[in-house]
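In what comes next, subunit A is part of two complexes: it sits with subunit B in the first one and with subunit C in the second one.
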Partner chain A sequence: MNEASALLDPTIGWILLSVLSVIWVGLGVYWGRKAANLEGFMLAGRNVGLALGTATAVATWITSNTTMLAPQFALQLGVWGMLAYCTASFGLFLFAPMAERIRALMPNGFTSAEFIRLRYGNVAWGIFLVISLFYGITWMISMGMAGGILMEALAGIPYVYGMTAILLVCVLYTLFGGLFAVIGTDFIQSWIILIGVCVVAIAVLNTVSIDEIYTNLERNRPALLDVLFPAALMAIFNNMLFGLGEIFHSNVWWSRAFAMRKGVGRKAYGLAGLVWLPIPIVAGFLGLAAPALGINVARPDMVGPVVAGTVLGEVGAVLVFVIVFASLASSIDSLLAATSDLVLNDFVKGMIARDASDAQLRRLGTAVIVSIGLVTWAFCAPRIGTLASVLFFAGPLVGSAIWPIIAGLYWQHTNRHGAVAAMLLGSAGGLVAYFTLGWYTATLIGTAISMLVVVSTSRFAPQTFEWSRLDAGPHGGHTEVGR
Partner chain B sequence: MNFSLDFIRTAVFVAIGLALVAAVFLPVLFARDARKKRLW
Partner chain C sequence: MNRSLAPRDCALAFLLTVWVGSTHAAPSPQWDHDEALSSAEGYVQLRWHFGDVEPENIVYELQEGRRPVFADTDTRYRGPATSSFVSGLEDGISYFRVRASVDGEVTWSEWSSTVEVDVKHHDRNFALLLMGLGGFVFLSTAAFLIVHRNDPTSDGGTS
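Let's turn to the complex of A and B:
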């Protein structure tokens, strides 16, 4: 798509981009004043309340995929497509009790990798770090690329400028404000997205009735209404398990569990699931409405913005631009903060600068955030389309971590070597399935293998673990418990 | 077998309703936490 076919005039696009950038960086600087020490910077002082805790989980889980891919799913996979996307909320619901337990077992914890090291030892820690960093970096690259592509498609802003701007803004406000800035901006972003998608959906309902949409689909695209649409049914399970794996293993969610005040985690993640659940349906509805609105969809990935532009004109296009910017920023900032925490806590503090002071670590943290931003930019800049699809390889990898995490948190007799084997065999099996059977089977098979290995090794060769070893003390300790 | 019109209508209206309730609920929750000085 070029400037001529963009929904917004490029001048308006640039003005919007500049205003939003100034606001987010300004808020980052403002909230950054609260981050007086390293713990404040990394975990927002471990005292985040229910409102901000709920909103940050919602905003982080609403990526540009939620607002852009849900309409595409509905357009291509029908009613099941938008319902399948909703299953990603199950990850938030199921993580709610885990967040409470994580906070209780590791009151001084910093990262998910630290849990794996203390629970299963250094080998498991190494494998988990590879999975986690691969997932974090590829997700960030895919978001950065999506940012550039969407800015270009929506407002004719050249890809490299749009991608650079959104990465730069996120790096700057994360740099100034750490998790305080990330969580604060997440609140505003989640609210903007909720209001925005509702306004567009209501505008669609004012233009065309659900009866007309249904009749049109029945006549022209009956497969989209089919209860037994095979591709859509398979997408449900893959989507749900990928979502579970992403949330259970990723430091993005663990760092929030550590950051929330005692007693808040369970409620915040449960409420976040409820708030997030309707968004794919509301956004997906735009995809279902496209045929009845007489829209000839040349690019299925742009169906949401085109529907908004059709029913609301330029106002709709502005709204979509703001929603997309908020969706992208809320995910990129969280990934940036959580990945830099992993690198700082597990690599720098754990291996290179064990005796560094808080002030030194804070400076090193700054360097880590800037480096991750630069690496992401370097991968995004050439705009290699296949790079974004690399993220799908992460499905079986994160799926293989689901059972070691659950068993590690709840079963005292989980076998350490079994957890290592589960991650290795689950990842390998899932990748084989990806290439031989199809993408929609990869996560399912990776998770199933991992489950079998964890359950069978723990059943036939149980090992006892003392829960108290997970609390490594107020400085996050790098005690040698791994064997 | 197709999804019925009533099912789709209900799903869409419930989803929009839930999202609107959430859009009101979040600022109310924020105000409550702010009043009790329990935001951060």
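Let's turn to the complex of A and C:
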């Protein structure tokens, strides 16, 4: 297959893009009717049940990276690469008990940054906001760029049109429906992704046997089967800790914890981990099967779609288009909602418009969502290739936030200066490792340094904290207006 | 068909070759990157092109050898793509070359120059050390959350 040739006819691509766009925006408008007030809009009325809670966690965690990067990981790092990617599910498993505690400690909470401010003070809050917004915005930019690139590669839709369409659709239905629409569409998207990935994997297995795949790898790409593949060994826990850092710190996951009904969070996140775990294995399998299928991989990030298109023809290409659209939309909408919550709650409501009414805040929320969409579009439009890779810098930053968060949630004597130092030193150390050792060590080093700092400062210089301060009023201590 | 050439034909062919060689670049695909590549992960992205304007029905053949003379050669790819991602390489030097055909694989261009990919994986002991550190950090985090999972919210656990 030529690198430049698309899997689908552009006309079919445009039809699919139009149909999917109309469906998602329509659902956003429909679910938007439920969001009667600000709390309904931001946190879906704090009444999300087990099925929707599980589905939204699964769909959000299945990004375009899961369907594109898992096969790439397998192709680059072999069997261990595939397994390394699926370890990201441990983030969901371990967040399960945290979700319940977050809800219990902060029954009126809105964001993860709010927790950091109440628990550790303004300095830690500022550092945490930088980490969280850097991660959120770069993730969204990388998703927007991936959307444009994939639409172009799959269906020949020009990059700017594809990227603009997917951002516009997500902005529109998040705008109309808030977290209600995000969670509702996530439920449908998670089913589309799960069924689609399984269909492609079954088709591959009907084309080439496991024995053939193994024999081909053993002969032509032996390192991919090496159980002591050095780069893969280093990547396993690095990837696992990156996943933990992403979930533990990001408001995407905290907002869902606040939105779920009492007693639902633990079960929903645990179940989501179980449902998510096999997805990268199935997707990664496509990467390992490519050599046995005689497929030339022109670009490693396209190995998944190319395998599906080769095995299932045009039907496979349509399936991949729908899966990719669903996985991109389910992540972009969640990031959009969570990042706008962060900006609205921690900046606008907390510092600029403290006396704003519920209706005024809703209008400001709309402006924030549109602004974030526009900023993302402006960064995506020039298609600067290196921009997407900036997301990987976020690994050590989010890794350095793991221990300040868990120690802050469970230890009464965690030292707040230690938490600040842990985030700063962990981030710095991880970035040094990124440039000196490789990307697959950065999060690991960052988390290790952060853990050491938090544990030692809390052990040798403990500070007492009253848990009741975390429930410091409807707006987490910033202001009393609104809900 | 096999026929022997007359001395006059050989002389003409020689002169033609010298003339073509002196006035044009060699008629073979060109690499878009250095001819000496290195990798610590066993994978490499190869890219090439053939002339300024690529013919529509062009076919490339990419070969890999473990020796520079390509005595033990595998054809890695045959088709129209102008790049190939090669992974799973073990320690040592692998050699790659590519050629092109524009007439349905009847005649082929000269082979390109040879790309040498020097693979030297990270030290295994160092990798195991980092894996051990990663395992310790992860297990500590997991154990922490499991131990404290039912802590009361009024006066949670302490260090």
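Throughout what follows, the second predicted complex is superposed on the first by the 470 of 483 C-alpha atoms of A that agree within 3 Å, B and C clash if a C-alpha of one lies under 4 Å from a C-alpha of the other, contacts with A are read in each partner's own complex, and residues count from 1 in each chain.
As a convention for this text, a residue touches a chain if its C-beta (ideal position, glycine included) is under 8 Å from a C-beta of that chain, and two chains touch if they have at least 3 such contacts.
For clarity, every value in this text was computed on a predicted model and none was experimentally measured.
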First, second, both or neither for A:N345, with subunit B first and subunit C second: neither
Partner chain(s) touched by A:N251 [first = subunit B, second = subunit C, both, neither]: neither
Contacts of A:I195 with subunit B and subunit C, given as first, second, both or neither: first
Touched partner set for A:T174, first subunit B, second subunit C, both or neither: neither
Which of subunit B and subunit C A:T56 touches, first, second, both or neither: neither
Which of subunit B and subunit C A:P222 touches, first, second, both or neither: both
Touched partner set for A:L444, first subunit B, second subunit C, both or neither: second
Partner chain(s) touched by A:F187 [first = subunit B, second = subunit C, both, neither]: first
Most subunit A residues touched (candidates subunit B, subunit C): C
First (subunit B), second (subunit C), both or neither touched by A:F285: first
Overlap of subunit C and subunit B interfaces on subunit A (superposed complexes): 222, 226, 228
Complex contacts: residues of subunit B adjacent to subunit A: 1-3, 5, 7-9, 11-12, 14-20, 22-23, 25-27, 29-30, 32-33, 38-40
Subunit A-facing residues of subunit C, complex: 40-43, 45, 62, 74, 76-77, 79-85, 87-90, 121-124, 126-128, 130-131, 133-135, 137-138, 140-142, 144-146, 148-149, 151, 153-159
Complex interface listing, subunit A residues touching subunit C: 1-3, 5, 75-78, 90, 94, 97-98, 101, 104-105, 217, 220-224, 226, 228-231, 233-234, 236-238, 240-241, 244, 296-300, 303, 402-403, 406-407, 409-414, 438, 441, 444, 447-448, 451, 455, 458-459, 462, 467
Residues on subunit A engaged by subunit B in the complex (per definition of touch): 34, 44-45, 47-52, 54-55, 58, 79, 83, 180, 187, 190-191, 194-195, 197-198, 201-202, 210-211, 213-214, 218, 222, 225-228, 261, 274-275, 277-279, 281-282, 285, 288
